[in-house]
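Presented sequentially are two complexes of chain A, the first with chain B as partner and the second with chain C.
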Partner chain A sequence: MKHTKMQLSTETMNLGFVRKVEALSGSSVRRCFQCGKCSAGCPMRSFMEHPPNRIVRLLQLGQYERVLAGRSIWYCASCETCTTRCPNKVDLAAIMDALRKCSWDARGPSKESLVQLANRLFLDNIRTYGRQYEMRLAAVFNLRSGKLLKDFMLGPTLLTRGKLKMFHRKNRNIGEIEKIFSRIEELRKKGEAP
Partner chain B sequence: MTKHDLNYSYYPGCSLHASAREYDESTRGLFHALGIGLVEVPDWLCCGATPAHNVDELLSLSLCAKNLALAERVAGDLAVACAACFSRLKATQHHLAESETKRRQVEYAIDGEVSFAKPVKHLLEILATDLGLDRLAAAVRKPLAGLRVACYYGCLLTRPPEVPQLDCVEAPTIMERVIGAAGAATVAWSHRLECCGANFTLSRPGVVLKLSGDILASAKRAGADCLMVACPLCHGNLDIRQKEIEEATGNRFGMPVFYMTQLLALAVGVAPSKLGFDSMIVNPLPLLREKGLV
Partner chain C sequence: MSRIGVFVCHCGENISRTVDVEKVAAEAARLPGVSYACDYKYMCSDPGQSLLKKAVAEHGLDGVVVAACSPRMHEKTFRSAAKSAGLNPFLCEMANIREHCSWVHEDREEATAKASDIVAMMVARVKKDKRLVPITVPVTKRALVIGGGIAGIQAALDIADAGHQVVLVEREPSIGGHMAQLSETFPTLDCSQCIMTPRMVDAANHPNITLHTYSEIESVDGYIGNFQITVRKKARSVIEERCTGCGICSAKCPQKKIPNSFDKNLGLRPAIYVPFPQAVPNTPVIDRANCTYFRSGKCGVCQKVCGPGAIDYGQEDSLIVEPVGAIVVATGFELYSISEKPKGSPIKGYGEFGHGTIPDVIDGLTFERLASASGPTGGKILRPSDGKEPKQVVFVQCVGSRAREKGISYCSKICCMYTAKHTMLYRHKVHDGQAYVFFMDARTPGKNYDEFWRRAVEEEEAVYIRGMVSRLYQKGDKVVVMGSDIAVGLQVEIEADLVVLATAVQPRTGADTLAQKLGISYDRYNFYSEAHAKLKPVECATAGIYLAGACQGPKDIPDTVSQASAAAAKVMTLFAKSELEREPIVAKVNERTCVACLYCRKVCPYGAVEEKELRDRQGNLIRVVAYVNPGVCGGCGTCQATCPSKSVELDGYTDEQIMAMIESL
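Here is the complex of A and B:
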């Protein structure tokens, strides 16, 4: 990690953003005293430019652009090890969810696009079918990410083992499922839900 | 075997109808053999899994609350097979009980009341606690003697401590106790609670090759014959990607990855042809033959 100088002032610190993350996650970032236990147990540590404890430090200092612009928040696996082990009860997994929501709602200031694409297709599948249509999820991901041959060799193997279903029926209650999505959009439009 | 008074509503989750069909088949076979009733919740939908709570908590809570409402139509506690679905459903009950605001938002989204009445239970809990290890052991017809099993918990069966409340969060033993009741030996190993790489299998498979590779290597070092899991995503990463991991790391594992219900059903006498061994990528039959189990 290259260490860059950070100028701290009321102009460079966005404390409103920190309060928003705290409200969304229901967890304080100010309780963290940087013991590093979260990062010590993090299985994704080696894939992140900012390990979990540094994400919290950057948040304490109001440096939201640095946090949101990187890939780190999208490389969290939600394994909950950090939350489990924090001696100060900082719910880091919930903070990561809150940060991803902020990044997602702002339509992606992050460099990490593949994880976001996978998430979007997964959620679209629920709205369209009700249950996951695994084969379509993988096929559309490959198409949209330009990785057409990814796992190409796995396809026939999985098909012959009965692990890929070619056809997938929509849920009978798909109308009720669509209603969940549209009512959440409605709540957000009216400012009644985050 | 006499009928028990145990009856459950059943939430299989999306994977169990496709890539994890052997988990569904062996769960039904095992529960039938044990005389435990299992009725699938009608019209259940995806729990939203990690992608929903990663970017949209309200959607995640609403999808799970809708499933909990649908489950009310079937009698009995809710039996859940997939570790991720189990975690999401339990987390939803936990968060909505804590926050009046979130509960109101979710009730508007699902156009109905949020129900907390039904206990959500992982299959492991039903076997270890509701049925009990003694009754499980008494049902064993073919003890898994000589099989050395590495029990793999992964992330979501036990973490975070307040939510699943299945067992001790850092040193659980429920899987070892359950498979031990069926006569198998279990190994002590380092990676039983480490993440397999989860849903990065779609977006960033390199992550899975590293993390699942470490898990397989650890189980091998401990002298295990096979891995036992209770999550379709862990299974996919450790079984389906095992050959790719071997090619990437130069290690040779050849380690069959069983769902815990496959091994237990085999022990209580369900026919091997009904347990989906043919759908596993790493062929388990040579190992099972060597141990005299098929």
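Here is the complex of A and C:
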């Protein structure tokens, strides 16, 4: 798949997928003319098999299988350097977000990355406490990812500097936050939210 | 004793970087006969010229040597400065220490020594310079325009509107050229016919324009202001004055299946035809090679049906002599064919693209005819092989162009834009079709050009793929395109219904032959050369001949029209004077020593040498000598070099002067 040649035709180019990404991200994909400025400034480039400009190029050709395969979209740190510097107003960070969503919808959690797990636990925490509870996030992430001792030695330092709290404090307006989450769930059921 | 002034120029750093200009000036001051020498940063600038004028007046100079650039560059500048200081302009000479010295040497000491030598030689020469008076020749205020495309028509209309007579010569039966073949034009997508045909009619109806269609230039004699042009009017077999353009001959012609080259052979035409319905003049021509009457002597239908009796099978080519004062060359271009061997290439065409044998691989001009409302398909995009509507069309850029291996290293300039236009036209006509373009760079410098290309990509959804096509081959009824996308780094394969190649723009076949007749220079591709790439972009090195359009280099319509108007303006400048001043650098024959061997006549490239009879007072012939017509002499000096009795001398370059230059070393 990775190195096989592309057969281009109206059938093999999934332009419906491109339109979906454009709708989700609110950014044009066709506008990109492959100057490469996004890849030039991307701090995560060295971890990606497809640099950001190539992701857009593959998208332009409707090659969604190739875009979603691999870890490039998951290694994007959403730093938005690409979006800020793009001469053509292509919002690449938003496109990456849209691609991650499409990947989740199509294939569930990625085998390539634990980003989705982290994201989900992060949101679960917000829903439960109304704010972030880092200790729990770290503990559950390490348990669920099977990397029990990951970053364990950072704990004491973070604790002594007050960056990590042993006990959580709930947000006073937790009810309001719950409303946001349930409304999004409702909209999703109706198909009105991505 | 002479009083010569030497003026050494730094040319910014161009000369002073390698030549010690102060030293050159100091050494020049020590030369015998030199009474003033100086150096200056920009001698050609206003303060530099003032320096020269002041020195001439203050030191009473009777000769000037400007050590600077080539005389081609600034001789005129300094001679007029010398003139305004009261010196005969031909007593001002240039010592070329830039092109002949500083630019071509690296060693400072040696270059300085050489510059001093060059200056010393020119000082020796200027001492023996004569006070010459410019020759005046009359100007025939009538222009010839060769080529009736948009360039020729524009130039002809501009000159004619200025009130001068114009002779417009076109090789084809109709004027209009390539622009008449186009469907729509970038970047505005206005219909080519709609903007072209009115101009064609204007040219034909203009009282100051004489139109010779189906005609070619037979020979060119003379010089600026006084050319004699012989035009060969090819036999049309139709008497133009009688023909009403009713078209009944074409309708009744039994021979109807001849491919029409105007439609790139997609459509058919009869043997007696006008190339296209909007042709100007609307007078048909008999294609004698395909006409039954001319092949077998039987038929004659057209003559029978022609009401005004305009058909004349016995018509022969006629030669017309036109005296003109200026010539605008606007012979245009043609497209490279992938089955042909380009000039200077070891390789014949594009074997990898099927050598032109795949019917559904066409060139850009053919696509124009398919897309044109007046084309053979009435504007429907139908492929040549089976007349089906193609759903996948692949466009390939830079075919022939930018391909040194194929013999053409230049960029054809118009293809990026017309291909973007083609993808749009295709999208407008075939809504469910997909256009793909293989390209290396999109070169869109021009007003609203890049926006136009981006529109093709972003709004009309043409898929542009950066990377070239390696091979095209027929597979069933498809043409397989093997390419690559270098942005992704993968091979790409497309099964196309139609492939359109943006083939290179080349000068017209026979452009070199015409150049030889006109005596103008051309490059290795046969594009005509302008006198100076920046400062004389429409003039030829040959005086009185100007260039317009794609015969000088690939050009789009806006550039062509601009250049044509510029050429017309140059012609008008020439016609603004009733007499023309020419440099008096001409050969003169010493009648006392001439033995009339007339070798000079044999070698003269300008045909300036005539026989002259010397007679006594009673009118008895003494002897015959050679005579150089100063109006025709180009001042090349070939006669001087050839003359066995040393009887011819070129003013400003006499043997005495050349010897003095050599002896000064």
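Please note the rule applied: the second predicted complex is superposed on the first by the 186 of 194 C-alpha atoms of A that agree within 3 Å, B and C clash if a C-alpha of one lies under 4 Å from a C-alpha of the other, contacts with A are read in each partner's own complex, and residues count from 1 in each chain.
In this text, contacts are C-beta pairs under 8 Å (C-beta built on N, C-alpha and C of every residue); 3 or more make two chains touch, one makes a residue touch a chain.
The structure presented is a predicted model; accordingly, all values stated were derived computationally and were not measured.
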{"item": "Superposed partners chain B and chain C on chain A - clash or fit", "value": "fit"}
{"item": "Superposition-derived comparison: chain B or chain C, residues of chain A touched", "value": "B"}
{"item": "Which of chain B and chain C A:Phe122 touches, first, second, both or neither", "value": "first"}
{"item": "Partner chain(s) touched by A:Asn53 [first = chain B, second = chain C, both, neither]", "value": "second"}
{"item": "Contacts of A:Arg19 with chain B and chain C, given as first, second, both or neither", "value": "neither"}
{"item": "Partner chain in contact with A:Gln34 - chain B first, chain C second, else both or neither", "value": "second"}
{"item": "Partner chain(s) touched by A:Arg169 [first = chain B, second = chain C, both, neither]", "value": "neither"}
{"item": "Touching partner for A:Lys111 - first (chain B), second (chain C), both, neither", "value": "neither"}
{"item": "Distance of closest approach, chain C and chain B, by C-alpha atoms in Å", "value": "22"}
{"item": "Chain A residues contacted in one complex by chain B, in the other by chain C", "value": "none"}
{"item": "Touching residues on chain C, where the partner in the complex is chain A", "value": "391-392, 432, 434, 436, 442, 454, 457-458, 461, 463, 465-466, 485, 487-495"}
{"item": "Interface residues, chain B side, partner chain A - complex", "value": "14-15, 17-21, 43-46, 48-59, 62-63, 66, 99, 105, 108-111, 155-156, 159-161, 169-170, 193-195, 197-200, 202-205, 207, 210-211, 240, 278-281"}
{"item": "Of chain A, residues touching chain C in the complex", "value": "3-10, 13, 15, 28, 30-31, 33-34, 53-54, 57-58, 60-61, 63"}
{"item": "Residue ranges of chain A touching chain B (in the complex, touch as defined)", "value": "24, 26, 43-44, 46-47, 75, 77-81, 83-84, 91, 93, 97, 100-101, 104, 114-115, 117-119, 122-123, 125-126, 130-132, 134-135, 137-138, 141, 150-151, 154, 157-158, 161-165, 171-173, 176-177, 179-181, 183-184, 187, 192-194"}
